[in-house]
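Chain nomenclature is as follows: A, B, C and D, assigned in order of appearance, with residue numbering initiated at 1 for each chain independently.
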Amino acid sequence: MPLTPEQQAEIDELRASARPTLRAVSEGMEKHLYLARPVLDHGFVRAIDYMGDDAAICQAARVSYGRGTKAVSNDEGLIRYLMRHWHSTPFEMCELKLHVKLPVFVARQWIRHRTANVNEYSARYSILDREFYIPEADALAAQSVVNNQGRGEALSGEEASRVLEWLKSDAARSYDHYEEMISTEGQQGLARELARMNLPANIYTQWYWKVDLHNLFHFLRLRADAHAQYEIRVYAETICEMVKDWVPSAYRAFEDYRLGGATLSASAIDCLRRMLNGEEVTQETSGMSKGEWREFQAVIAS
Amino acid sequence: MPLTPEQQAEIDELRASARPTLRAVSEGMEKHLYLARPVLDHGFVRAIDYMGDDAAICQAARVSYGRGTKAVSNDEGLIRYLMRHWHSTPFEMCELKLHVKLPVFVARQWIRHRTANVNEYSARYSILDREFYIPEADALAAQSVVNNQGRGEALSGEEASRVLEWLKSDAARSYDHYEEMISTEGQQGLARELARMNLPANIYTQWYWKVDLHNLFHFLRLRADAHAQYEIRVYAETICEMVKDWVPSAYRAFEDYRLGGATLSASAIDCLRRMLNGEEVTQETSGMSKGEWREFQAVIAS
Amino acid sequence: MPLTPEQQAEIDELRASARPTLRAVSEGMEKHLYLARPVLDHGFVRAIDYMGDDAAICQAARVSYGRGTKAVSNDEGLIRYLMRHWHSTPFEMCELKLHVKLPVFVARQWIRHRTANVNEYSARYSILDREFYIPEADALAAQSVVNNQGRGEALSGEEASRVLEWLKSDAARSYDHYEEMISTEGQQGLARELARMNLPANIYTQWYWKVDLHNLFHFLRLRADAHAQYEIRVYAETICEMVKDWVPSAYRAFEDYRLGGATLSASAIDCLRRMLNGEEVTQETSGMSKGEWREFQAVIAS
Amino acid sequence: MPLTPEQQAEIDELRASARPTLRAVSEGMEKHLYLARPVLDHGFVRAIDYMGDDAAICQAARVSYGRGTKAVSNDEGLIRYLMRHWHSTPFEMCELKLHVKLPVFVARQWIRHRTANVNEYSARYSILDREFYIPEADALAAQSVVNNQGRGEALSGEEASRVLEWLKSDAARSYDHYEEMISTEGQQGLARELARMNLPANIYTQWYWKVDLHNLFHFLRLRADAHAQYEIRVYAETICEMVKDWVPSAYRAFEDYRLGGATLSASAIDCLRRMLNGEEVTQETSGMSKGEWREFQAVIAS
């Protein structure tokens, strides 16, 4: 469990003190607030704050004075319409703030999504904790032989043990030296902003991350995808579960149109039409490259 | 008063239904929620939702688990430090959503601030109301003779009357024709997306506008400034009053370091040092252009 | 023709003075530079500057030291791969700067794309020209009866004449009054920032607009689409022709995967699989709404 | 020297092949193109491409048809005016693309500036080189005793030697294990996306970074500042030298108004006025905190 008793007490205190508000309230998200959902061996995701709910999406789309229509079915239809026709601005009217604890190499992927607000724990100012991501055995995968950017089979037992041993001992040694370098006992003590350079990329960091729902969906589509690296995917999947409770209609539309959907090229649509007309189409007659054909097959295969 | 009874009823209903939340609550902002604060002759600003408060700024800056320090004075000091040293990300952790009704020519200035989310009332889809901004007599100013981009004295009575008459009659005629063009009585009716082109820039539009506190402060610094056009400045000033109640510590820091502060160039600082050393410095010996010198004088003049 | 002889002379001078550069050069774009391509009755698009070419996309994707591979076919394949898998950052490495003259109501749609840099002609500082968009007869369309946000048949001759007469006379009268209001002959003269409010939305404005290729493709996909308003679509189509010459490989991939492609929902993919398995699927058995089914049919219909 | 002969040959080839262009050309920047300027022990900054020059800033500000005024002095004055009055959009009309090689912990600071385009070398796809930042002895500083976020005196010789020894040996061991983990000789070979987690934050990475001049100035003001961490400051200073040659007028204005300028709070301005009126003001009578007073003294001290 990644939290200290003091941290847990702070969370419990926050969860004990409900206050009245006139704002839109999402019951589904209220039950998640502040709680740390564990991810990987020492990480977590905590929802800290949110703005808006399903109705707020419609309210903004209609630029309305009140909460808008009372019929939830109307809102659901509008949300599906907006998602299907790429109307992004109404979804931008909801906002989520998360506290995330994650390995540095995951943070480096994550931060490539620039349309968000971030406050990271400062290793110039503070001392990082001795916590490193050490993969589970079944997550210790070999380099993929078909995809240069991916992983394949799990490593065999002996190789896996060797890898785990290195990961653990190198992390421990690096952290020992980090501590000794910044220590001021009997020496000046190296500046923290310098000492941190000795720490490996599997050390954990933390940040507050705030993002609107449109950009969050974009992040989730890419990072909850099967091709995303496992270590970031588990964070994305955890966030998906929260979003599903927060804005259920929007999440359903997202699942149907984005997560479970697919984009076909003009060439693929042409093949499809020929196939529906009874023509036998092969990669050779498709006009598609082998890679495209393989991806197209994956879309249409039952 | 710019609201219909139906709109007011929707607002009243929203204000009557407080619900419990675990989120940070700003009492100061709760009292503003949904209420339309009138601006210009038909416009308004309404706060629709907010995220965060003064403590949330500090909580993000500290990447903390709970609400952080209990001492408000500590938070105030931290907020001043963050503002003074241009730490923008903690302020980005607060968010405000407004419903604004404003003339189109004001909307066109406003939208130049791109780091915000906007949903505007669609004149392709809907019919605009017959509401136009007609300035008060004392806002009917002549072109400035010292500043190409600004206004000077109020127009004399006769000239003002002539201008007002034109503004009113041209708006009325344009709107009459707009209505007749889109009418489907006895004719096909022009598409709304085309008919709107006949409407002048003082017609009112509406939008939902959502922005984080850092970018809002940037907007307010430029638009609540004495050099901003009066018609956008009154919106900025109205928003300032809301922000003051929402995040009082942050607003005080903003007033001290931004609204009431000034940026001096290296040349100006050099002059200042010479003056403090007792030297008599004139524009000629200052190394500054006339314009810079005039602005420098305005900063240091008691 | 929208240019004055002085403006044309400035353009001719710019086109007469080639200079050596070590940067990537796109011959296809060089031939467009500075030339005003007419759009609508008084508008234009001019390419002012560009950064990068097809090879620059690949060079960035590979983070390479030189121009990368010499084989154009390799670059083409890589570009298609990047586009297909939504790798946006390599396309962001190309940049285009345009000078656009366009009606204000088109500018208001355009500016909703926020990830771009804009410098608009200032009507606070300068006097706008007497130029208004007056549609061609075949662009004078009725409101669509199937789509609340669109246009249908062209207006009949008599109704069209009436509309054109109003558009012209209202524009003329508004501009006459604009001129009289700002005149300083025998009066103080109203400030420009106020007088402009009398001008209708079909007056022309101008701006410099700079955007990276990824965001430009996003703009073009939405605005060169058949559902976009005609008056912005003609600008998008004009830009498409320039981009095709600038980065031909990237444009081909864009045409195949975006302009000519389609996104299918999970429900639509499920239907497709059933249909390819020989099942007869109708809207009723599809699980899709009528609107979705109609759009799905449009994708698969030969 | 950080380049291989092959890399240097690619650069030489690029610099040997000037081509004609009609675009704005900055002679000052042409001489920098492609050349790797060394930074730290293995890093560099290379300018890969640029868009615009001083005149382009003015051309955009004026929304002009040609290159605008011929008098350079007019352009200089306009640029100073734009900078002084926080007109950011004309500066956004210039763009710079850099290839940077830098330690990961520097990259993590750098990426916090989000308004830029980035393509980083992928350690999921490729193998990182065995290159680590090892500070010079005089850059090995102790933690500051007055500033929690900074460094103080250089470490004594013995302590410095110990630190350097750890940095070197830990990096070497981590990299040895990295290589052994991904090796496929006699084993499956760990996926690269996993193996990289063992590498410390002083390993070098590379990216293409593209940014407009306004946002670049913002980056440089913060990172070329005396309070920035030394390891990022040396990159910022190297870029400053390039920008000075690229857009000399804009850079001079930047130096005067931003780098060498200072922002005073309302309280500080009040003190200043009192001091210029002959009053003796102390921290106690200033209304400022000790920290603010110290910073104020630094501004006005000759």
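Everything below uses one rule, namely that a contact is a pair of C-beta atoms (placed from the backbone, for glycine too) under 8 Å apart; a residue touches a chain by one contact, two chains touch by 3 or more.
Fair warning: this is a prediction, and the values are worked out from it, not measured in the lab.
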| item | value |
| --- | --- |
| Steps needed, at minimum, to go from chain A to chain D via contacts | 1 |
| Centre-of-Cα separation between chain B and chain A, whole angstrom | 35 |
| Distance between chain centroids, defined by C-alpha means - chain B, chain D (Å) | 33 |
| For chain D, residues contacting two or more additional chains | 89, 112, 118, 120 |
| Chain-level touch network, classified as line, ring, star, complete or other | complete |
| In the complex with chain B, residue positions of chain D that touch it | 77, 80-81, 84, 86, 89, 112, 222, 255-257, 259-269, 272-277, 289, 291-292, 295, 299-302 |
| Residues of chain D touching chain A in the complex | 103-105, 108, 111-112, 114-115, 118, 120, 122, 124-125, 133, 135, 139-144, 148-153, 155-156, 159, 163, 166-167, 170-171, 173-174, 177, 180-182, 184, 187-194, 196-202, 229 |
| Complex contacts: residues of chain A adjacent to chain B | 3, 6-7, 10-11, 13-15, 17-25, 30, 33-34, 48-52, 56, 59-61, 63-67, 89-90, 92-93, 95, 97, 99, 117-121, 206-208, 210, 212 |
